[in-house]
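Could you have a look at this structure, given as structure tokens, before my questions?
Chains: A, B, C, D and E, in written order; residue numbering restarts at 1 for each.
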Amino acid sequence: MQLIADHIAHAYGPLPVLDDISFTVGPGEVVAIVGPSGCGKSTLLRILGGLEKPQAGRALVAGAPPAASLNPLTFVFQDFALLPWRTVEGNVRLVLEGHGLSQAVVAETIRDVLARTGLTDFARAYPKQLSGGMRQRVGIARALAARPAVLLMDEPLSALDAQTRELLMDDLVELVSGEGSAEALGMVYVTHNLDEAVRLADRILVLSRRPGRVRETVTVAGDRRARRSDDPELVRRARELWELIRADAAEADRELADVETING
Amino acid sequence: AQEKVTVGVLRFVSSGGLFLAVEKGYFKDEGLDVELKFFEAAQPIALAVVSGDTEFGVTAFTAGFYNLAGKGALKVIAAQAREKKGYEGNLVLASNAAYEKGLTSLDKLSGKSVGITQVGSSFHYQMGQIAAANGFALKSVELKPLQSLPNMVASIKSGQVDAIIIAPHLAKPLAASGEAKLIGRVSDVTEYQFGGLFTSTKMTTDKRATVEKFVRAYQKGAEDYAKAFLAKDASGNIAHAPDSDATAALVAKHVYPSEEPAQAAAKVKGAAFFVDEKARLDVADILTQVQWLKDEGLVDASVDAKAILDLSFIDGHINAN
Amino acid sequence: MADVAHDLRPAATADNRPVTFRGGLFLPRTHRLVGFAALVALILLWQAASSFGWMSPVLAPSPGEVIDALKRMALSGELATHLSASLVRLAGGFAIGGTAGIAFGMAIGLSSLVRSPGATLVAALFPIPKIALLPLFILWFGIGESSKVATIAFGTFFPMVIATYGAVDNVDRSLVRMGRSFGLSSFAIISKIILPGALPGILSGMRIASSIGIVLLIAAEMIGANEGVGAMVLAAGNLMQSDRLLAGVVVLSLLGLTVAGVIGAVEKRLLAWR
Amino acid sequence: MADVAHDLRPAATADNRPVTFRGGLFLPRTHRLVGFAALVALILLWQAASSFGWMSPVLAPSPGEVIDALKRMALSGELATHLSASLVRLAGGFAIGGTAGIAFGMAIGLSSLVRSPGATLVAALFPIPKIALLPLFILWFGIGESSKVATIAFGTFFPMVIATYGAVDNVDRSLVRMGRSFGLSSFAIISKIILPGALPGILSGMRIASSIGIVLLIAAEMIGANEGVGAMVLAAGNLMQSDRLLAGVVVLSLLGLTVAGVIGAVEKRLLAWR
Amino acid sequence: MQLIADHIAHAYGPLPVLDDISFTVGPGEVVAIVGPSGCGKSTLLRILGGLEKPQAGRALVAGAPPAASLNPLTFVFQDFALLPWRTVEGNVRLVLEGHGLSQAVVAETIRDVLARTGLTDFARAYPKQLSGGMRQRVGIARALAARPAVLLMDEPLSALDAQTRELLMDDLVELVSGEGSAEALGMVYVTHNLDEAVRLADRILVLSRRPGRVRETVTVAGDRRARRSDDPELVRRARELWELIRADAAEADRELADVETING
């Protein structure tokens, strides 16, 4: 299944936040989205996932999702969005309920995704009892459990330390390529971490400051399974990306652009 | 200066004597500035007299009243209305369904359900008298306390109860419209002292002069009431005095404050219970009432009926020996 | 930097279909007019019920008759008298009961010292019918205005206490911790964090308590009241004047709508952030 | 890697002082025993009030007398009769009113179609005193059990509706959006996200509604009831038997405590996550 | 004013989370704390700020805070902790109220901190209307407004893009050294971004996995005002740090350590 952003534009009241965004992502592909804070990245993901109606343009899908997929377009939310009254396990179970899965399959899926996110010991803890990074991992575990065709990830590793992040990125790489029995999946990956972007993405969309517009699309070539974080080539690409962004930053210092304010 | 006293009262025609005494200035003549405090239930009136919020009260006698008065704080000093043969009085209605099944007279009430307002109310007592007079046990009647007159009307109309005892101004329209059947009058069975004027025991000892003045004016009101509404012609029918319309209007002001005066006055005339012209109490009946209520377990055995009465303010109470 | 493309829009294939919108958040809208229409429908239903005889005309007159009665009462000035008497009692009683209820509810929600005894006493005293306590009310407050105001104050106090402490319990404690961390005084934390956080629940409690206050006008005006909508309804019941009785009911109902409208407006203003 | 140190603990200076603890989050604790003590204190106060004559013995007997009356009623089996009659009505009425109230409140909180008419009708009908409508209840439901259950059902319905829709309005919509994003059915979102999220408010509403239900036993048992705690209280009031009246009040109060205890236990279980 | 961690240890029920942590931080100093997700970093900050009582050891302060300080120990919370019913401006104003400041000073302070965090245009927006990164910046603006003596920052820049992060780090550097009229302040800086740690810190405490224990204390020498993110020396230090941490990660793969579980 392919997910297609077709000239998407959006505004909140007088505040334009997205301007003419188009791209495609299919199985085995990762599109990373980087851009300044408040430029509309989360809004774009919501539109792609059908949670918000764009003011112009459309989010489209082409092709059928894999039969086993419980929820073809699956989010990892920036603010986690965990149910505080369910345990870690219960939060994951939420997305498995109502699909007629057997008890055994449900239990096995939960066991698997909690193990992958290092939460096995905290299966019965409530969100309130978790650290920030653990909450974020519950959000990831839940998304994995839904067997998505396209994952819409909003800064999914932002609260994690470098080593946990490494491990989870390895996991994501496997997922995307469809290692083992699983099918390959697509991923839209919003991040502010350029290292993550070059490590994971096939294409990196660099958005301008609000209203977010695609300033550049950077292609990262080569098998992502072969990439290593300390690969000098990747480090160089990340530095390049950074220069690109910094130029934009210098251009318009701070958020004093002449946009309509949201005030009043 | 005038002495201020307040009287707790319900908006009923049977308290008409009191209203007339106010309207005609009899209290003023005695140097009393009387304020009427209208209540929407009888119970709080007695309580307000006990607590000293009002000096006097006029209501019907109930088991509750006797229980309260029996504790020594209240004294009954004059009469209100009375059930008397040949005058307006409570009526017994059967529901249409029950009537069709044969409930056509009072002696057939045994085994039927009868709606009353409250446990220990006058209706309850009157049902007891009917049972006694017709030779069946009160226990054989299923009494349904319904709390309010609208509830009674609703119950008889929908056949929820077989019969009710109710005041004539409500009974007559029901019977007339065919929504219920009249099967008897309470006054055919018994005469009955409905209620009275009472004050706190403290008043009768500490402010005797005030009480005397009040009673005098009250009696005048009762006399006017009796003259206007209760006079009979030779054939025994009520013959209203020529000024009865004006008198009724005075009463109506208090009973139906919101209604058109002419219509209200007519209602007053049509619902005039018997009131003794000197506001004398039927003492023997009160003793009988209390005894019956005690026998039924509704009035505490320790209540001394005679101690409730202070007969010293009016001469010649009826059946006083 | 290589491979820059400005439009990756794919060729539209027959297979393309829009992503299903699934953003419905169950955020219902309020339409004043629809609310009004519902009231009209209720009155029409009532008219139908009396036209088709589902309600006995003696017990329940038609809307027309009731409106007539209302009109007469309005013209004679009687309505204004009753309404103003009741409004004073209601406002006084609800002001006392509501304020005390919020204060006590806050105390139960905030202090271990108050919580157990407070919540227990509320649970024990709330279910006591006011009518059963009328004798004591007469004894303590007399038969003047104070016993009437007290009846309403007592009746609104308890639901406000429960709603308030429920709402306080539900305030996110991480915000309280934030306030502490900035050295806010306990008073500032209570007034700036806990109270606004509990406000939705408190306003919901006020809707309930104000309605209860209106219902209690009847009980309050049982005691020596000549004026007041409750007294009028009671008197009309005793005198079997069902048109006046229902006119009184209509007035109480309009009163309830007004109070609910005011609370709704306050809610709209204070909870705009949701 | 340079400059590794394992203990940087400074020399304790005279000047050192502990960081002030400011973690108090206003999370009061519940102590059953303290609650019980409060009840005992209330009874002692009552005893004192009657011993020192603050309450006229004519109107309010001492706790001892009331306990005597209770004992007599318990021994004669009268208490059991009244209590069981009332419990059946209360349970039935609250079950109907509570369930319908939660369902209707959810509908108001979730659907634009229901919201405006629903909220308006509730605001208009809640303030109508049940007592004024008893004649209509008799007409519609008779004077048997159904009118009694209906009275309690109506009385508990309205507060439950208001508490429920207030609680639903207050559920964090970002959680609903999450549910949508995982393709949960509307039913699943309502039952798994909105209902649990609204639960604290609903339980708080239940505390209020159950107390109102108990209060309404009196109104319900006004109509043709010979058995029931409410009927007993009414009869005792009519007969001015203040010991029996207060015995009835004590029973209602204990009933309220029991129901509150049950709700508290449910709350403790279901809201453990807070 | 100095803040002293004196042999602090803590546990939640059966779950030990901190073990014997000691360090000092004073004006002009930055202590960075890095460590795996869930190792107790946030808990440590809460203990240092007096929000939690440690099971052993103490948090101490020595010396008086600057007279102008409204709140000597000030937090930037990992989960932002904004009042949803106050606007951006109102959230900042919260910490200025009740100190007897003049209207003008309050207004000027708010203006200043919002400008520094690039939120001027959103002064009257409610938190719900902000992006994730903007919310985080409100938390920073609020903390700055309180004029702290020691700032306790819990991953304060985690939700921000690289360029905004750069700008805010420059700001923090100035703050710590007490540029201009302001007094120098101390900072405890929890982060999972090693570049941030080497860019800002004088000392970096590397915590082990739960229960958090100081594995190493890495000193970063040199004037922090002269440091640049792309300084090869700093990049080298960050890489070293990463190696250090990775060794720990390899040691105990995933969170399957033999700790008592929080379950049940």
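What we mean here is this: a contact is a pair of C-beta atoms (placed from the backbone, for glycine too) under 8 Å apart; a residue touches a chain by one contact, two chains touch by 3 or more.
Because the structure is predicted, anything quoted here is derived from the model rather than measured.
Common partners of subunit C and subunit D, by the touch rule above, are A, B, E.
Inter-chain contacts peak for the pair C-D, counting C-beta pairs in contact.
For subunit A, the chain whose average C-alpha position is most distant is B. If you average the CA atoms of subunit A and of subunit E, the two centres end up 26 Å from each other.
Mean C-alpha position of subunit A lies 45 Å from that of subunit C. Work out the mean CA point of subunit B and of subunit C, and you get 41 Å between them.
Shared interface positions of subunit A, defined as residues touching 2 or more other chains, are 49-51, 73, 79. Among the residues of subunit B, those touching two or more other chains are numbered 43, 47, 51, 148, 150, 153-154, 157-158. Within subunit C, the positions touching two or more other chains are listed as 22-23, 56, 59, 135, 139, 177, 180-181, 183, 237, 242, 245, 274. Across the assembly, chains come into contact as A-C, A-D, A-E, B-C, B-D, C-D, C-E, D-E. Those residues of subunit D that touch subunit A in the complex are listed here as 174-175, 177-185, 188, 192-193, 196-197, 199, 270-271, 273-274. Within the complex, the subunit D residues that touch subunit E are 1-10, 13, 15-23.
By the touch rule above, subunit D contacts subunit B in their complex via residues 56, 58-59, 131, 134-136, 138-139, 142-143, 222-226, 231, 234-235, 237-241. Subunit D makes touch with subunit C in their complex at residues 22-39, 41-42, 55-56, 59-60, 108-121, 123-133, 135-136, 139, 158-159, 162-163, 166-170, 173, 176-177, 180-181, 183, 186, 189-190, 194, 200-201, 203-205, 207-208, 211-212, 214-215, 217-218, 230, 233, 237, 242, 245, 248-249, 252-257, 259-261, 274. Taken in their complex, subunit A has these residues touching subunit C: 2-4, 6-7, 22-24, 46, 48-53, 58-63, 73, 203, 214, 216-219, 240, 244.
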